[in-house]
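Each of the two complexes below includes chain A, the first together with chain B, the second together with chain C.
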Partner chain A sequence: MQIQPILAALRQHKAGTVLIALQIALTLAIVCNALFIIHQRVTHLSEPTGIDEANLFVIGNQWADQSSAQQVDAQMQADLATLRQLPAVRDATASNSYPLVGGGWDDFITMTPDQVQKTTDASVYFGDTHFLDTLGLKLIAGRNFRPDEVAPMSPHEVVTPPVVIVTRALADKLYPDGSALGKSFYAMSATPTTIIGIVARLQRSEVDTWSRPYAYQALIWPRRLDGTVGTNYIVRAKPGQLEAAMREAKQGLIAQNRMRIIDPKDGVLSFAQVRHRAYDSDRGTAILMGIICAVLLVITGAGIIGLTSFWVGQRRKQIGIRRALGATQRDILHYFQTENLLIAGAGVALGAILAVGLNLWMMKQLAMDRMSLLYVLAGVVVLLLLGQGAVFAPALRASRVSPVEATRTV
Partner chain B sequence: MLKMTHLSKVYRTEVVETYALRDFNIDVKEGEFVAVMGPSGSGKTTFLTIAGLLESFTGGEYLLDGADVSGLGDNARSKIRNEKIGFVFQSFNLIPDLNVHDNVEVPLRYRGMKSAERQQRIKESLERVGLASRMKHYPAELSGGQQQRVAIARALAGSPRLLLADEPTGNLDTQMARGVMELLEEIHREGATIVMVTHDPELAARAQRSVHIIDGQAVDIAEEPRFHAQPRRVEVAAEGGAG
Partner chain C sequence: MFAYYLDLALRSLKRNKLLTALMIVAIGFGVAASMITYSVFRAVSGNPIPDKSAQLFTPQIDSWGPQQSFNGDGEPPQALDYTDAMALMHAHAAKRQTLIYPVQMTVMPGGDRSLPINAYGIAAYGDFFPMFEVPFQYGRGWSGTEDQARAAVVVLSEAFNRKLFGGADSLGHEVNLGGHTYRVVGVIRHWNPQPRFYALFGGSDFGQPADFYMPFTRALDLHIGTAGNNSCRGKQTARGWDDYLQSNCVWINPWVELDTPAEVARYRNFLEGYAVEQQRAGRFNWPPNVRLRDVTQWLAYMHVVPPESRIALMVSLGFFVICLVNTVGLLLAKFMRRAGEIGVRRALGASRREIYFQFLIEAATVGLAGGLLGLLLTAVGVSGVGLLFEPQIARLAHVDLSLIALTLGVAIAATVIAAFYPTWRAAHVQPAWHLRTN
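Moving on to the complex of A and B:
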C-alpha cells in the first residue's frame, strides 16, 4: 500500500539496506546449495550395496616377510582354506577390493576393440569360485566361475580374461534389450570377454560423486590377484555369528602362519564399520553443511533483528510523528514488515541468481549435480519467513511507540 | 470545539507523582484563535498533547467537537488525529528520510486518500506556504522557516478543523516567525480553530484570546475580539517589539 514512500525512505539508509540484502542473498545462495548437498549425501547413505552386509567382515592382511608371487599365492590359498574351516565361518574369498572400501580398479568398457570413446565404466573385482557365495550375491542369470577359469594374475597383466560376471546394471547398460548373457565386450584390451553370469546388485568400491552415475556397474574377473603387497580377505560368518567369526578368523590366520601383519585397530572390520567409514566424510559434510546453514540463518536473523531494532530506536521520533499524523499501530507494524519484505525480496532475488550460479560453478569445478530449482524456491520461502519472523518483535516494539514521542525534543 | 473540565494529568514515576495539569478547565470555541502562555514546565505542552489525543489524561472530562474522547480506542484516536487535527511543533518534526512532497503526503496516505486527490492537495498546500518549488527537497536542505512552513503545509493538507501549534516560532528568527504567524492567521481567517502555545507576548497579542497556564491550571486573561479589525497595527507592533 505504501511501497513508494518506504522505498524513498530506504534510499536514505543505503548502507544498512544493502548490507542486509546482501547478507540475505549470500545466505540464500549458500543455504540452498548446502541443503542440496546434504540431501544428496544422506540419500545414498542408506543405499544397499547388494551384499550380505550383516554377516560380512574383511581382514586387511600384510606380509611380514618378502616372498615370491607364487609363494604368496600358495599362502593365500592356505589362508582361505583355514578361514573356510572355522566353525563360525560360512565362506571366504580374497579380492582386490570390496564395495564402499573407497578406492579400487575401474575399467573403461567398449563394445569393439578399436572404439575410441568408452561405452561406460565398471568397477573391477577379482574373485575366485567362492566370491559370489561369500559376498552373498544373487546370480540372476548364467553361472558361477568354474575352478579351471580362475587363474593367478599380476596387477600389470593386461590380458582380459575370456569370461566375466557382471552386475545387472552393467549388463543392462551394455545390452539394454536384456540379451547380455553370452554376449561380449572389451575392457581396455584387444581380446573380448564373454558374460557368463549376471548378479542382481553389487555396488562399486568407491563412493565418490563422480562415480555415482555408475554406482552399480561392476564386473568380476575370475582371477586371483597377486597379493605380494597385501590382500583383503572377505569373510562371511554364519548367520548371527559375526563376532565369533571375526575373533576366530584372526586367531586362525595367525595360528596358520605368524609372518603377517593384521592391524590391531582396523585390520579386521565388520561391514557395518566399513559402511560407517565409507560415508564418514559424507556424514561429516552433511553435518557441517547443516551447521553452516543453521549458523548462517541465525546470523542473518540476528542481523535483521539488530538492524531493525537499531532503526526503530533511531526512528522513534518519526514513528511518533507518523502516529501523531494519524498512523495506527497496525500501520506502523506494517511499515516495518513491508520494509523488511522489500529488502528481503531484493535479497532473495539476488540470492536466487547467486544460488544457481554457485551450483553451476560447483558442477564445473566439483562435478556436482544440477540443483533442482525447488531448493531455491524452498530457500526463498525460508528466508522471507525468516525475515518476517525476525522483524516482528522490533516492528511490534515500533508500533507501541507512543504518538507523544512526536512532541519530545531530541 | 475543545472543552476540558476538571481535567488532570499525572505523570507517575517510581518515586514521584507530578501533576502536569490539575483541575484544568478550558473551552475553545469553533473558529477561535487561542494563544497559550505560561512559564516553563507549567503544563502547556501537556495540555496540547492531550488536546491532540497524543496522550491520555488521568481524570476529568474532555469533549472534542462535543464528543467525549476518554473512552476511545487507539484506532479511533488515530483516525481523529488524522482527520480533524493538524499539528505544528516547535522543532518542525518533518520526517528527515522523506522529501517535502512525501512529508506532506504522510497524513493523506494514512487517510487512505486516492493518489490524484493527494497530489492535488499536496500541490495546493505547498503553494499556499510558498514552497511548491521545493517538493523534491529534503528537510535538511531547507531553512528553519521553510521547514516550519512545510510542517504547516502538512498540517493543512488534510484540512483539519483544529490546528494545534506548540511554540511554532520558537526556533525561528523574527522575520521567519512573522511569516509563520501570518500563515496561521490566514488559516484562522479561513475558519480553522487554532490553539498556539507561545512564549512571545507580541505573538500572543495577535490571537483573539490568551490563556495562561500556571502550575497546571488555566487562567483566562484577555479577550481581543477586535483583532481582525486591526491586523496591520499589531503586525507593526510585533516587528517593533523584536527590533
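Moving on to the complex of A and C:
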C-alpha cells in the first residue's frame, strides 16, 4: 500500500482530517486519565483492613445520662457482658473508633520525649483484652493485654499507658530492623510506652489523602475510654450469624438499659456498610469515569464512521476510476484502513502528549499522582483498534463501489 | 425567512437521520455530563452568605510554632486554643465577635416521648445570630449580658422545635439537654448555609443544620467537650477539664465582623500586637504569625470543594469539548454534502450572509434537540447523583430553573459555535464550480 497517494488525498480534506485526529487525541487524553483514576480508586477501595469484616458489625451507642464518667464505665462493662452472652455473638469490645469510620483519634509518634518533628503518625484505638479477638486481628509477635493492664480513662485526661500493641506497619516504621517488640516510643507524652504485641494488619480509622503516608500505622491502648457522649461497640458474630447477631445485640442493649440512643437509621452497621460508606466518593468517581469513558469511545467511533462515510460518498467516482483501472476490492478496503491508521496515528501521537500534559496539570491542581505510561500505551492501542473497527463498515462499502461509477458524470 | 430556514433545516436533518441522531446524542450526553457534575460543583463551591462574606473574618494565631504547623507549610492552626480564643473575646476589638464549637447532647424523655433522642448543637457567643443573619421564627438570640451570666438559655432550630413542641411557639418552655434544663429564648427559621463555613473545624463541611444553639460560656461551665475536631501538639499532660483548657489543643472556631477596610486593618494590627505580646511574655517562642481570612478566602484555604467534584467537572467538560469537535466534523460533512444546493442558491442571488443564517439555524436546531435530550439526561443524572458522590454532597445537587436554562443555553450556544467553521466553508462554496460539475 502506497502512502503517498493517501496523503495527497488527505490534503483535499484538511478540515475533516484534522477534526478526526483532534477528536482521537482528546479522547485519548481523557480516556487514559480516566482509566488511571478508575484504577487508582478501585485499588484504594479494595484495600484490606486486616479485620474479620464478614462477621463484624458496629453499634454507635450514645448515653442518655451524660453526667458521670464512673457511671458510664459501669454501664459500658455491663453492656459488654450482655453482648458477649448473646447466642449469635462470638465476642465484643468497646472502642473510640474502628477502621474506616472516617475521622478518629491519631497521635504523633516520636522516638524521644523532646523530639519536635514527629517520626510518624498513628491511628489510636482504645480496647480491652477482647479487642484482638473481636476484630479478628492476627498477633504475630508478643502477647495480648492482661486484664490488669486495662483501665478506664476519661477523655480529657491524657495518661499514656505503659504498654501498647502496634501494627506491623507501625513497628517496621519505628524499628525497620524488625526489633520493635519490647522497645518503646513516645506518643505526645513525657513517658514512654512499650510495645508488648504486634498485629499483622489493622487499617487506620480514616483513609483520607492526608493519612496515606501513614497507611496501616495504628496502635491499641489498653483503655476503656469513658466518653460521656457515647461509645462504639464492635461485635463479632459467630460465622454465618451476622444478621441474627445484629438483631440480638440491639435488643439486648435496649433490654439492659433503655436510657441510651442507638440511631434507628445508622446506629447498627454491618462492616460491609461501613466499608461501603467509607469509599462512597471513590466508588462514585470510578463509576462516573467509567460511564464517561464508555460514552466517549462510542461517540468517537460513531464520529469516525460518520466522516468516513461522507468521504466514501464524495469519492465514489474516484473509487470507480481506480476500480476500472484494475484496483481490487481489497485494495480499496486497505486504502481506507490505511488512511484511518495514518489519521489515528497522528491523533494518538498528539493525544499521548495531551494525556501526559493533563495528568501533570491535575497533579498540580488536584494533587493527583503521576500516571504510569502504561495507561497511555493501553489508550493508544484501544483508540487505534477503535479507529480500525469504526472505519471497517464504510471502507467495506467503498470497496463494493462498482467500476461503472467511473463512467457516470455525477 | 426564519420559518423557511427552519423548514429547510428540518428537511435537511431528516435526510440523514443517523448523522443527525449522532450529533444530537453527542451534544445531549456532553451537556448532560457537564451539567450533572456542575450541579454538584455549584452546590459545594457556592458562597454560603453572599451579602456578608466580605465582612466576616476568622482570625488565626500561631500558637504551635513554625515547626509544628498543620501541613508543614508554616500556616497557623485552623482553629484557636482556649487561651487565645478567650483573649480575643475579652479584647473586644471588632464590632461583633463570637466563638463557636459543635456539641452533641441528649434530650431526655418527656411529654409523649418515652426514649431519649440525640441532638447536635452549636455552642456560641450571642453575636452569632446577628453576625450570620440567622432568621428567627419566634423570639431572638441571647445578649452579651446572658453570655456573661452564663445563662441556661437555648435557641432551637425550626425542625427541632417541631420535634419537641410540635412546632408551637415554645418561648419560655424548658428543655432538658444532657441532664440540665435550658429556657427556650428563640426558635430560628430554616437556616443551613452550605458549606457550613462558620464551623469548618469541627465536623462535616456539608450537612444538616444544628438542632439547637447554646451559650458558649454555659457549655464550658458544664465541661462539654467539642463534638468536632480537636488537635494538639507536643507533650500532653492534661489531667482533667481545667488542664485541657490551658493546653495548646485547638478546637474553637472564632469569627469577627469588620465592616470597613480600615476596621480590617485595625483588627489585623490588633492580632499582630497580641502575638507580639505573647512572644514577649514567653508563651510563643517565634515571631508573630497571624491570619485574618474572610469567608471566601477561608473556604478556599480549607479546600472545602472536594477534589472529586473538581475532577468530575473537569473530565465532564473535556468530554463535552470532544462531543463538540465531533459535532464540528459531522456538521462539516453534512453541510459540504450540500455544496451543489448551496451553489444553486448562491447563483440565484442568495448572499453569503443568508447562507450563514440558514446553516446556523440548522445548527441551532440540532443544539436545541441536543439540549432537550441533555435536559432529560441531566434530570435522570441528578436524581441518581447519590451513586456518584457522598450522600451529604449529593443531597445538595438539584435541578432548578437556572440549571434548565443553562443546559439549553449551553447546548445551543456550543452547537452554534461549533457550526461556525462548517458554515463558513458552506458560505464560501464557489457557485460556478458546483453548477458546472452538477
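Simple rule for what comes next: the second predicted complex is superposed on the first by the 316 of 410 C-alpha atoms of A that agree within 3 Å, B and C clash if a C-alpha of one lies under 4 Å from a C-alpha of the other, contacts with A are read in each partner's own complex, and residues count from 1 in each chain.
Everything that follows uses one rule, which is that a residue touches a chain if its C-beta (ideal position, glycine included) is under 8 Å from a C-beta of that chain, and two chains touch if they have at least 3 such contacts.
This one's a predicted model, so the numbers in the text were calculated from it and none came from an experiment.
Enquirer: Would you sort A:Q2 into first (chain B), second (chain C), both or neither based on which partner it touches?
Expert: A:Q2 contacts chain B only, not chain C.
Enquirer: Kindly classify A:R275 by the partners it touches after superposition: chain B alone (first), chain C alone (second), both, or neither?
Expert: neither
Enquirer: Which one hits more chain A residues, chain B or chain C?
Expert: Of chain B and chain C, the partner in contact with more residues of chain A is C.
Enquirer: Check the residue A:I261 against both partner chains and state whether it touches chain B (first), chain C (second), both, or neither.
Expert: second
Enquirer: Output check: A:R168 vs chain B and chain C. Expected answer is one of first, second, both, neither. What do you get?
Expert: Neither partner.
Enquirer: Of the two partner chains, chain B (first) and chain C (second), which one does A:I30 touch, if any: first, second, both, or neither?
Expert: In the superposition, A:I30 contacts chain C only.
Enquirer: For A:L22, decide between first (touching chain B), second (touching chain C), both and neither.
Expert: After superposing on A, A:L22 lies in contact with chain C but is clear of chain B.
Enquirer: Regarding the shared-chain residue A:A190, is it in contact with chain B (first), chain C (second), both, or neither?
Expert: Only chain C is touched by A:A190; chain B is not.
Enquirer: Residues on chain A in contact with chain B in one complex and with chain C in the other?
Expert: 410
Enquirer: Quick one: which bits of chain A touch chain C in the complex? Just the residue numbers, please.
Expert: 15-16, 19-20, 22-23, 26-27, 29-30, 33-34, 37, 62-67, 103, 108, 113, 116-117, 154-159, 188-190, 209-210, 229, 258-261, 263, 280-281, 284-285, 287-289, 291-292, 295-296, 299-300, 302-303, 306-307, 309-310, 313-314, 358, 362, 365-368, 410
Enquirer: Which of the residues in chain B end up touching chain A in this complex?
Expert: Listed in rising order, the residues are 45, 48-49, 52-55, 74-75, 78-79, 81-83, 87, 89-91, 93, 95-99, 102, 105-107, 109-111, 154, 158, 166.
Enquirer: Can you tell me which positions in chain A touch chain B when the two form their complex?
Expert: 1-2, 5, 8-9, 12-13, 317-318, 321-331, 402-404, 406-407, 409-410
Enquirer: So in the complex, which bits of chain C are touching chain A?
Expert: Answer in residue numbers: 18-19, 22, 25-26, 29, 33, 37, 67-68, 71, 104-106, 108, 115-118, 178-179, 223, 225, 227, 229, 232-241, 243-244, 306-308, 310-312, 314-316, 318-319, 321-323, 325-326, 328-330, 332-334, 336-337, 387-391, 421, 425, 438.
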